[in-house]
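In what follows, subunit A forms one complex with subunit B and a second complex with subunit C.
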Partner chain A sequence: MTMQPQLITRVHVDQAKAGDGSPIGVLRFSGDITSTSRDVLFGGYAEVPATTRKLVFDFSKVEYLNSSGIALVIELLMAANKADRKVQSFGLSPHFQKVFIMVGLNKYTHLQADEATACAAFVD
Partner chain B sequence: MTANGNVFCTHLRKAGIYVLTLLAWTAAITPGASAQTRTVASASVPASNALHITLGQAIVPLTGPWKFHTGDNPRWADANFNDEDWQTMDLTPPAGSVDPGLGTSGYIPGWTAKGHPEAVGYAWYRLRVYVSGDSGQLALLMPIDVDDGYQVYCNGHLLGAFGDFSVQRPRTYYGQPMIFRLPLATADETAAPGAAREIVLALRFYMKPADLIEDPTPGGLHGPPQLGSAVVAQAYYTLQRSVLARTYNLYSIPILVFLLAGLAALTLYMLDRRDRVFLWLGAAALSNVLYMTFTLSAILTTLISDRLIILRPLLLTLVLWAWLMAWYVWFDLGQMRWLRRLIYSLAALQMALQIIQAMFFGRGMNPAASFGPWDIASRAVNLLLGLVPLIILYYGWRQRKREGKWAAFALILFLLALFPRPLVWLHIPLIWFAFGVQISTRLVLELVVSLWLLLLLILRFQLSQQVQQQLQNEMHQAQQIQQTLLPEAPATLPGFHIESMYRPAAEVGGDFFQILPSTDGGLLVVIGDVSGKGLRAAMLVSLIIGTLRTLAEQDLSPGKLLEGLNRRLHKRMEGGFATCVCARITPDGKMTLANAGHLAPYLDGVEVEVPTDLPMGIITGIDYEERSYVVPPGSRLVFMTDGIVEARNKNGELYGFDRTAILARETIAEIVRTAQHFGQEDDITVVGLIREGSSAPAHI
Partner chain C sequence: MVQDIPSTVELRLPSKLGFEKVAMQTAAGVARLMGFPDERVDDLKTAVAEACINAIEHGNRFDERLSIGIVLSMEDGELEVKILDSGSGPHKKVHAPDIDRKMHGDEEARGMGMFLMQALVDEAEWTQTPLGGGCVRLMIRLDKEEE
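The block that comes next holds the complex of A and B.
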């Protein structure tokens, strides 16, 4: 059995502007997202001001997502949904795009090609 | 050279100096020397500001009167230079003078206590000596306690140096015994037997600015140089060296014990990576070894100059950081994330401040930097770092009283070893003698801490083994429960040929599947995966299978069955979820599918397009959409869990959906074997089902 060494999860929070000038919180994930990533993920999410209604999840630097990691992303999306926040995602590999669709996450976040498309996709 | 803001090194150095000072003064009061002093008093010599000595087979401390001047001028080395207007300086210890570091007597304050409080950089001492008596070769034995480097001139000729004066700002080292043989030509200058010979000694000193804040009274000589027969001086020099070595060799004991403890801790961590306390204790012990070895190398050798000494406070911060983390983990304070952040922040800040001071402000070289805001900030952070162990101790004791007392003892000793000042307040001597050997209290503390650490490691490992054994037993029981819940394969139902393989990963995983007969003669196939692993996953699988069997008796459609399962799992998954695909197949080959976030099945190697929704256990009220298909006679359906698509090879590459689709045409044994060979990371479950009939033969 070949177990891969786990990469540290990191979240960097940026700000962008939507077409209407409203703020967008951009959460840039990197490393592996697994069961140990909870604090980092939710810590990053908490850094976005509560008044920001638009979020972009950047997965372009995520190396690996296992089922526990998917569970965390689902939880994050549920939290955003509950707070009436809209989420666009980009940077997922074709494999994880399929996984996202498989677990029905495309109902809670739209998968976009890149950051510009993701930011432009917010229509209020 | 004085320790750069560090108590440990100062005390180590001063401990050695103390013994060597005793030796020096012992040499000076030998009967021979006393007799010679009397001879000096009766000698008739030409100069008033000169020392008159008569040498036998002894060495004599040159207490003065020395002439002293701050600044630097190459002419001051000249034997004929007129130094009459220079300050006169006596190197006899003042009555009642004590070493500010150790409290020992016989200390001579430096030039900053003699009218030059701000003087740093160069300064010169000169002494005219008239030597009578034995005319053999002479040697000058320099004191070990000096600030910081010096060059020795005799009658205008450079004899040698302690420190590297070839660069603009001399490189200096911790004080060490030094001997300089006076040239034979000097001894041969004797005009007539019994007449006094004139020797002009000039000592060019360099003191770095940082000494001003690290010693109360720094500056040049803290003891008198000694002049005498080269044979005797050499004997004393050898004795000083051997005393120094003997004194510090004792420190090799705690270093070796720390090394042993560190290696043992890291080995234990390799054996059991779940207990990070071994990692941190190993890191702490080995960083201590590094720090102590570095310090001893600086004291006993000239490998480490003042340029490199900046590494020592950095190493000390590293040691402190590793120890704080070790105790933080030991006391199981993981939930106090603020404390961990505090430790990391203070350690990083301290290192950054030290590097900034060294690189940009010439800490130790630039007086302004030595007293500047960066230095004050660094000292403030150091103080805060010193308080963190007390916070750990307070919360740790509350958290784990039983084990805490053992670790608390080690922590208190460790703190005292690092910051021994409270011992002085309690009048506990830092230096004492046992059986004629000098012992440092700090050395004893280091030794006890290192041995205690070994003991703690053994206790912790025993405890860890017990817990691990208990966990293994629980896991084994969970695996047995899971195995009994999963159907035995191969199973055969009329009209269908079924085979399944389940290959768990190292831990108890969350895969599950059920193949149940329907009342209409058909089949209900359910396969799924609970996120997470271990006992919790196994218990959730038990819950799912129990619920599933209950619901299956009601002959519900796949969508309704998933809805029922989802309802019962909601709020019981603790942030996790369960994916599941459910298929009901009638005897005539009609298949109804519903999917809760699981990998779709493959029909004759083609992925079945099935609408999917969120996995179960996340939110309630999901209507899982159903879709109907036909499984022709002879066709083959393959259900699997994500252990296939998420198999990863050594390069981290996933097996992926494309390869899985191709692999789905193979036998289930081959599917499992291929995924395992590629790199199994998760449980693997594959269920193959052939609808018996007259179409082309299919293989499972």
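The block that comes next holds the complex of A and C.
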């Protein structure tokens, strides 16, 4: 029997409130974000009510992220963009903040220092 | 007289996604032993992981009968990592991702691995082995102030 490496992605969806009282869908990612994460990531995204226009991505418990995982984050941002949703992100390590900036992702999701800052960053 | 022979660490890993983590942790361990700061170690880990993923996906095409080789060589404040597969080397050039094109669906969301490798290490080179396999050579150097 051959050994199959365990790559485990989890998404927990929480709700927070913006300064104006509007709902924020918080997607808390944990474990690995790789090419095998698509169903879990988009499953988490689908749990956010369609009427919620503000999203926060929490990367603080992500242990491993590779370029295929970043591509899935891009696809999530594409989905959010199409639905006219704004996305703030926090919890990336300094290394992955650098990588996100290298590939230009900070143009489509602001990289915030923490959850409170991310939730406060929605201006409308 | 003692000759200055480079020290090497070698790994052979199955062509299965996930095993790149073994290569990146090994490379990180060696880089830390050499005195590289955490920031450079993180850069190397990502570059090695991306090279291994490409070797598994594009070089060996997920063929579980094939393995990928990783050779880490330490010499004079330089750490060279070679990632070897049974493919014929890359047929694409490195290009910087265009996030606007990706976001609008005009460019594949994937396809950033080679760019990240080149951006994160001091040298990244794609060659072929004498036997015709694919080889990625990554190099990081200790800066003088880091030594």
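What we mean here is this: the second predicted complex is superposed on the first by the 117 of 124 C-alpha atoms of A that agree within 3 Å, B and C clash if a C-alpha of one lies under 4 Å from a C-alpha of the other, contacts with A are read in each partner's own complex, and residues count from 1 in each chain.
Definition applied: contacts are C-beta pairs under 8 Å (C-beta built on N, C-alpha and C of every residue); 3 or more make two chains touch, one makes a residue touch a chain.
Computed from a predicted model, the values in this text were never measured in an experiment.
**Student:** With subunit A superposed, do subunit B and subunit C clash or fit?
**Tutor:** Pair status: clash.
**Student:** If you stack the two complexes on chain A, which partner ends up touching A:I101: first (subunit B), second (subunit C), both, or neither?
**Tutor:** A:I101 contacts subunit B only, not subunit C.
**Student:** Applying the document's definition of touch, where does A:F42 land relative to subunit B and subunit C: first, second, both, or neither?
**Tutor:** neither
**Student:** Using the touch definition from the top, say if A:T34 reaches subunit B (first), subunit C (second), both or neither.
**Tutor:** In the superposition, A:T34 contacts subunit C only.
**Student:** Can you list the residues of subunit A that touch subunit B in one structure and subunit C in the other?
**Tutor:** 2-4, 35, 64, 66-68, 70-72, 74-75, 78, 95, 102-105, 107
**Student:** Which subunit A residues qualify as touching subunit C in the complex?
**Tutor:** Contacts found on subunit A: 2-7, 34-36, 64, 66-68, 70-72, 74-75, 77-78, 81, 93-95, 99, 102-105, 107-108.
**Student:** Under the definition above, what is the set of subunit B residues touching subunit A in their complex?
**Tutor:** Subunit B reaches subunit A through residues 337, 505-506, 510, 529, 531-532, 575-577, 579, 597-600, 612-615, 618-619, 642, 645-646, 648-650, 652, 654, 656-657, 676, 679-682.
**Student:** What residues of subunit A sit close enough to touch subunit B in their complex?
**Tutor:** Residue list for subunit A touching subunit B: 1-4, 35, 38-39, 63-64, 66-68, 70-72, 74-75, 78, 95, 98, 101-105, 107.
**Student:** How about subunit C: which of its residues touch subunit A in the complex?
**Tutor:** 14, 16-21, 39, 42-43, 46, 49-50, 53, 64, 97-100, 102-103, 105, 108-113, 115-116, 119-120
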